[in-house]
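Letters A, B, C, D and E name the chains as they come in the text, with residue numbers starting at 1 for each one.
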Amino acid sequence: MEKLLRAALYSVLILFAVYYLLPLFVMLVNSVKTLDEIRGGNMMSLPEVFTFEPWLVAWSKAQIGVEPTGLSPYFINSIMMVVPAVTISTALGALNGYVLTKWRFPGDKIIFGLMLFACFIPFQIVLIPMARVLGIIGMAGTTSGLVLVHVVYGLGFTTLFFRNYYAAFPDELIKAAKMDGAGFWRTFTRILLPSSGPIIVVTVIWQFTNIWNDFLFGASFADFDSMPMTVALNNLVSSSTGVKEYNVHFAGAVLAALPTLVVYVVSGRYFVRGLMAGAVKG
Amino acid sequence: MREVLPRLVLSPSLFLILLFVYGFIIYTGYLSLTDSRMLPSYELDGFGNYTKLWGQRNWLIALQNLAIFGILYIAICSVLGLVLAILLDQKIRGEGILRPIYLYPMALSFIVTGTAWKWFLDPGLGLENTMHLWGWESFTFNWIKDRNMAIYTVVIAAVWQSSGFVMAMFLAGLRGIDSEILKAAQMDGASRWSLYTRIVIPQLRPVFLSAFVVLAHLAIKAYDLVIALTNGGPGRATELPATFMYSYTFTRNQMGVGASSAVIMLAMIASIIVPYLYSELRERR
Amino acid sequence: QESVEVLHWWTAGGEAKALQVLKKDLESQGVSWNDMPVAGGGGEQAMTVLRARVTSGNAPTAVQMLGFDIKDWAGEDILANLDELAAKEGWDDVVPDALKDFSKHDGHWIAAPVNVHSTNWVWANKAIFDELGINQPTDWNELIAALDKIKAAGYTAVAHGGQAWQDATIFDAVVMATGGPDFYQASMIDTDPDALGSDTMKTVFDRMAQLRGYVDDNFSGRDWNLATAMVINKEAGVQFMGDWAKGEFLNAGKVPDTDFLCFRFPGTQDAVTFNSDQFVMFKVGEDRQDAQMKLASAVMSPTFQSAFNVVKGSVPARTDVPNDAFDACGKKGMAELAAANKKGTLFGSMAHGHSVPAGVKNAMYDVITAHFNGEYDSATAVEELVNAVESAQ
Amino acid sequence: MSFLQIDKVCKSFGTIKVLRDISLDVEEGGFLVLVGPSGCGKSTLLNTIAGLEKLTTGEIRIDGNVIDDLPPSERNIAMVFQSYALYPNMNVGQNIAFGLEMRGMPKDERDVKVRDVAKTLQIEHLLDRKPGQLSGGQRQRVAMGRALVRNPQLFLFDEPLSNLDAKLRVDMRTEIKRMHQTLGTTIVYVTHDQIEAMTLGTRIAVLKDGIVQQYGTPAEIYNDPSNLFVADFMGSPAMNLIPAVVRGNAVEMARTGENPLVLDFKQLPGDVAAYEGRNIIVGIRPEAITDADNRALVRDGQQAVTASCLIDVVEPAGADIFAITSLGGKEVVTRLHQDWSGQANQHAELVFNLEKVVFFDPESGIRLR
Amino acid sequence: MSFLQIDKVCKSFGTIKVLRDISLDVEEGGFLVLVGPSGCGKSTLLNTIAGLEKLTTGEIRIDGNVIDDLPPSERNIAMVFQSYALYPNMNVGQNIAFGLEMRGMPKDERDVKVRDVAKTLQIEHLLDRKPGQLSGGQRQRVAMGRALVRNPQLFLFDEPLSNLDAKLRVDMRTEIKRMHQTLGTTIVYVTHDQIEAMTLGTRIAVLKDGIVQQYGTPAEIYNDPSNLFVADFMGSPAMNLIPAVVRGNAVEMARTGENPLVLDFKQLPGDVAAYEGRNIIVGIRPEAITDADNRALVRDGQQAVTASCLIDVVEPAGADIFAITSLGGKEVVTRLHQDWSGQANQHAELVFNLEKVVFFDPESGIRLR
């Protein structure tokens, strides 16, 4: 009886694993088929002729714009954008969390509430005014402009994460540091920051996936030389009146998702745990 | 001095948020009262856009769809997340493998997975076709083509994306329950069923709340999901407020109407989030 | 170094190769090309981006644009003036009037038209036609008869993708076929409520419903090229689609007139509904104007127009380009365009935003799609069409 | 035959042996206290009795019946947990009634029982509150109520008082004692607290590393420890364990800068004779060394030695004064009368009650008798 | 002039008054212990002295200088926290050195100092470990080291031992006492533990609701409590507080089913006379009631009354036996010799040491002298 139950339990779990893996499976399988096989065949079947060509094409030969560059140059653009954006938003989030938990002052809750609500605004509404502001400050079409945008709209979440994390950080430590003569900055850099490992990981992963996956801002505010990966991928897969090379599209899609996938799988356990520490408890 | 520095540190962030979030919300509110069409115009036009908005059949459809989508999405994600979390909490071997599998969809954007889903749901290419090829001829699954059912396919894909995340939240909640309470319930003679229904699930209330807020805001903001999957079709059958707003603002050159729909959306979000924030922040002390 | 920045959505293989011609040309003149491709939804995405760019004061040099979008932007007083160049190169003489309607604003040249797509084509699988002994239908009844035959033979009669713009593409053709050029003008271009609400329009909707009967069940949401593939693969008899569909046939190794047929939608033989891609020039700083003029000039050069359109499947926007390089369908298209231009039956396509502004177009889409999907009967559809158009204006 | 028999019980988690061959018997109505350092396996033993953990080998019998294969709910055992483990989502009444409900008792009957128990524990007025609205002591009572209401054969308590403050702990301790005396139920009780162990238990088992070190009455454990570990573990302040050298019937304890202190016995225990001239460990509890005025602590006929010792530290503790002196290189705590008026760094006359002295082998730690 | 002067200090958080008009003086080298129920303001007072909280009104002076406006780092005060508050990311050495580093002391000098302090505290071998790798007692030592190394004018301790288990607590208590005696630094110390308060303090302040209830030496607080609250709060087991009726120079305490117990005094305190025929509260500590054989607990010349009392519960606690009887409707705890051999539910002869009895007004709770 117990054994039967156990078996049923595992079957259900594996069934769901299949459900979650299906789209990825579809993408992977079809990214190594020839176009003819895709047109004629079964989406779920394994490739008759295995070909790695679509991956090569997607990476270095596919037509993204005028030049057949593949996704590779845009990969670099994405990195150039993601790294500073993640760094800055995480740093600001950490500072905000620090102030909001350890240097409280009247009205700090309202400020936190304002920041938190910012997580929830639909991004479409900010496109036009944001463009205007970027134009005025001369950052339109630049990578730094994109970084600014991502920093601004990531602040809510990073602050939330750090605030919840630091809230559980004993106040006595701060008091001890004060007694030891450390001021605002040294308390932060010497005591809190070195102990923030888990939440930094969570925040970085969260920000990284969000910024990496962003399409709307990338398309709207990037220029020809700062276009991120997602926009390039979109150019690859949703060209309007041309021939659709599905195998290349899928290969490109997996390529574009690779960094986030790797990050999730490698640090997934840390992420879940950190999420408990930082986010779920509200 | 001691009092000033922290505020000084906070001020850049606060400034950014005030300008780029609240400033823009006000700006949008203003636009919704103007006759803006293609580019912003600053001629006030009263509440004309709102009358127009509520006169739009598409808007009403979008709201109705949101209701269907939102309720199903939140309910299914919560139930599924809870069930998976409970199952995964039975000292499962291989939890370390299953958990990231359930969770990874959250890491992918629909720009990436949209095509795969579209294929999978397409009767001619996907599941139905596969089943036919495998010999189950009578199998039909053409919801994505069916005006009445298409919104449910959006639910399927959306559930796919977020339920793992909800699962993680519930798992965190489950792991946080005092093991002595579970032992006490066993001593009291609770069966596994009553253990969960009477003792465990009632204690997960805060997690339900957090999950609800996260899911609700995702539901209201749902955009690329619909665009990738059905692009609002068949017909307008899967239009949601977010796609409505985007298309009126940017492709239909009716920025005023788009802005007014954005204001309504914001109001909806606020009506969910603000009470939550209020209770959360008050409780803290 | 001089440079131009071009916003466009031609990212598929053929299109992009065609653009490369232009790029090379400019580079040979010392002008570098900054590519700004934003694909998706017939330029919807690109228009959003453009709006952001313009708002931020960072407009591109040139933007690929369609139909009424051009007019809308022209109204904003942010476009460059190409009159001088146009006068020098004599554009007025070689560009059809219907195109000029979009390329010029208040009498000033603002855009360089690249191509003309005509949208009222029928693409047919020759093998099926031969097998069933069908001739090219020339009017509505013949079309229905042919479709019946195909359907009876077990093929999907009409390959169609259920997306609003595809529905509307057929609608354009049916309007033209049912009411003729004048009715098209009155209803689709002038949006005369009487025409929109007329019995003719009801017939149009009835015919749409009739066509719906020839479409397979699985049509909704299907991309147009998948529908084309059905014709190519001999699963379906015909597809009603613009001339870009030809690229799919050629790519699959099919030859015009041997493997597939191209002909005008029955009943619209004399008329052409079109859409035209144009490069709209935005106002730029003085230092960049020279490059911008070079770009405009290059776009209008006959060699480019020929080279580009051969690849793209469309026909040149200039009527004086030699047709040597084009295939059978291309030659047919060029001839018919020229004829229609002369005859005054060259009309902007409603489905592709060349007859009414975007707001009205989308309002029409809503009704057409709703009706095509069976939400309205024809009478209601007519009523709704009048209402929708009125409220969108 | 004993009521609860724990017979050669072993329990391993994976390769870690947590309980090793534990055998304990408790008579009906007995009160067994388990003590031992953290991690020694006390909770694990309790859990095996409750059925929350399966034992690896051995047998547990209640009233002669082997219960090893019964699930917890069928063992008729109730348990009170350290954290009380009240169901936070139910009110007090529901908490108490839950076990009855699970056993399918009809609602009216449940209500009567709950009300009875609540009355006994004086928590009737709390029945509608949620656990979150209760103080520590009130929670403790509710947890007891939950156990009591089921009228079980056997009660298990896992450090039930350790979350209460000192004052409340004393009160609840007395209450548990009284409850035990009234109901006469058999109890197994885990605690860290010496006093709790001594005052409550009819029997105490001292565990270390999953092995029973000593099993006996509180007085046996306290006065007659079977090894150094037990001697050191039980009692607070702890027993003084002083290195000394055996000389005939006396033991000598070194002092810095003074003559050694000699305790002259009428007769040393037999085992000690073998250590002539060698080191042993002498164990004397603080209360067996006192000030001369307090002589009556040494009862009539008991042997005693009086000696002058240098007092290093004086710690007045209210009811008593603890004075620390130094013997055999160790700090020795003595318990003096609260009215004693000596000073630190002065000599004082101390009385050693020789009847209370015990001896250990310095290497093995085994008691010498 | 006293070294630390706390002068009419008030502290409010918003509208909540947490400290009300607190005035305490500590001489140089003194050891002030603050006790009181949870939430009474002990930590707040400590924080105000440290400068971690600004006081609302009043003044704090060290060595005559007002320090109210100095930031914590300039007050030359060190503090040891209940949770030890060790920096989890630094090793022990860095933890101890951090305060010196912040004050800009060069590295070599720091190292020397850290090593010195570590040697004193016998934690030299731990210097490279992270706090997470230490046991509770070791952490406690590191926290002390961190305070010691700065060589401050004043030490503040906020329940530094409450996270340790009973055994370790006793050891560390002795160590703190010794450290205080060696260094002679002034200390303010918060604790919940009666024994800690009594053994460590040169002075104890009992707080309740932010008000000082009594301020005095440990002996004063213990033997001479100024009101019912202090009497009840200090000492464990607590003082017996028995309702009684005054009859001339005697007090009568009711007993169920027996004649009242009469304690006949040579002379009642003056205040009590006014209560003739009325109720008062009689306070007697458990150790002032003992078994007849233990008479010498009552020293020569002290008044005592012997009476036969019914014993309800017997709690042998190792060193002593606590027996509970009933007087004036209250449970009365008595402390008997460990060798006492009486039984529950039998009568026993008990001796009441009248010298130790105190009296309170039953309404106001004020001590009657």
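Just so we're on the same page, a contact is a pair of C-beta atoms (placed from the backbone, for glycine too) under 8 Å apart; a residue touches a chain by one contact, two chains touch by 3 or more.
Here's who's who by UniProt: A = Sugar ABC transporter permease; B = ABC transporter permease; D, E = Sugar ABC transporter ATPase.
Everything quoted here is computed from the prediction, not taken from an experiment.
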Path length in steps (a step moves to a chain that is touched) from chain B to chain C: 1
Chain labels contacting chain A and also chain C: B
Selected pair, greater C-beta contact count between A-B and A-E: A-B
Most distant chain from chain E, judged by the mean position of its C-alpha atoms: C
Mean-CA-position distance for chain D and chain A (Å): 57
Whole-Å gap between the CA centroids of chain C and chain E: 92
Length of the line joining the C-alpha centres of chain D and chain E, rounded to whole Å: 25
Whole-Å gap between the CA centroids of chain A and chain B: 17
For chain B, residues contacting two or more additional chains: 2, 40, 250
Residues of chain E engaged with two or more neighbouring chains: 71
Residue numbers of chain A (touch at least two other chains): 127-128, 130, 234, 237
Pairs of chains, among all present, that meet the touch criterion: A-B, A-C, A-E, B-C, B-D, D-E
Of all residues in chain A, those that touch chain E in their complex: 170, 172-173, 175-183, 186, 190-191, 194-195
Chain E contact footprint on chain D (complex, rising order): 38, 165-167, 170, 173-174, 177-178, 181, 192-195, 198-199, 218-219, 222, 234-238, 285-287, 293-297, 299, 313, 315-320, 322, 324, 331, 335, 337-339
Footprint of chain A on chain B - complex, ascending: 2-3, 5-7, 9-10, 12-14, 16-25, 27-28, 40, 84, 87-88, 90, 92, 96, 98-109, 111-113, 115-117, 119-120, 125-126, 129-130, 133, 160, 164, 168-169, 171-173, 175-176, 206-207, 209-210, 217, 220-221, 223-224, 242, 245-246, 249-250, 255, 259, 262, 265-266, 269-270, 273-274, 277-278, 280-281, 284
Residues of chain A that touch chain B when the two form their complex: 9-10, 12-13, 16-17, 19-24, 26-27, 30, 42-45, 92, 95-96, 98-100, 103, 105, 109, 111-130, 133, 151-153, 155-156, 159, 167, 184, 209, 213-215, 230, 233-234, 237, 246, 249-250, 253-254, 256-257, 260-261, 263-265, 268-269, 271-272, 275-276, 279-282
Interfacial residue positions of chain B with respect to chain C in the complex: 37-40, 52, 55, 57-58, 118, 122-124, 142, 144-147, 150, 230-231, 233-237, 247, 250-254
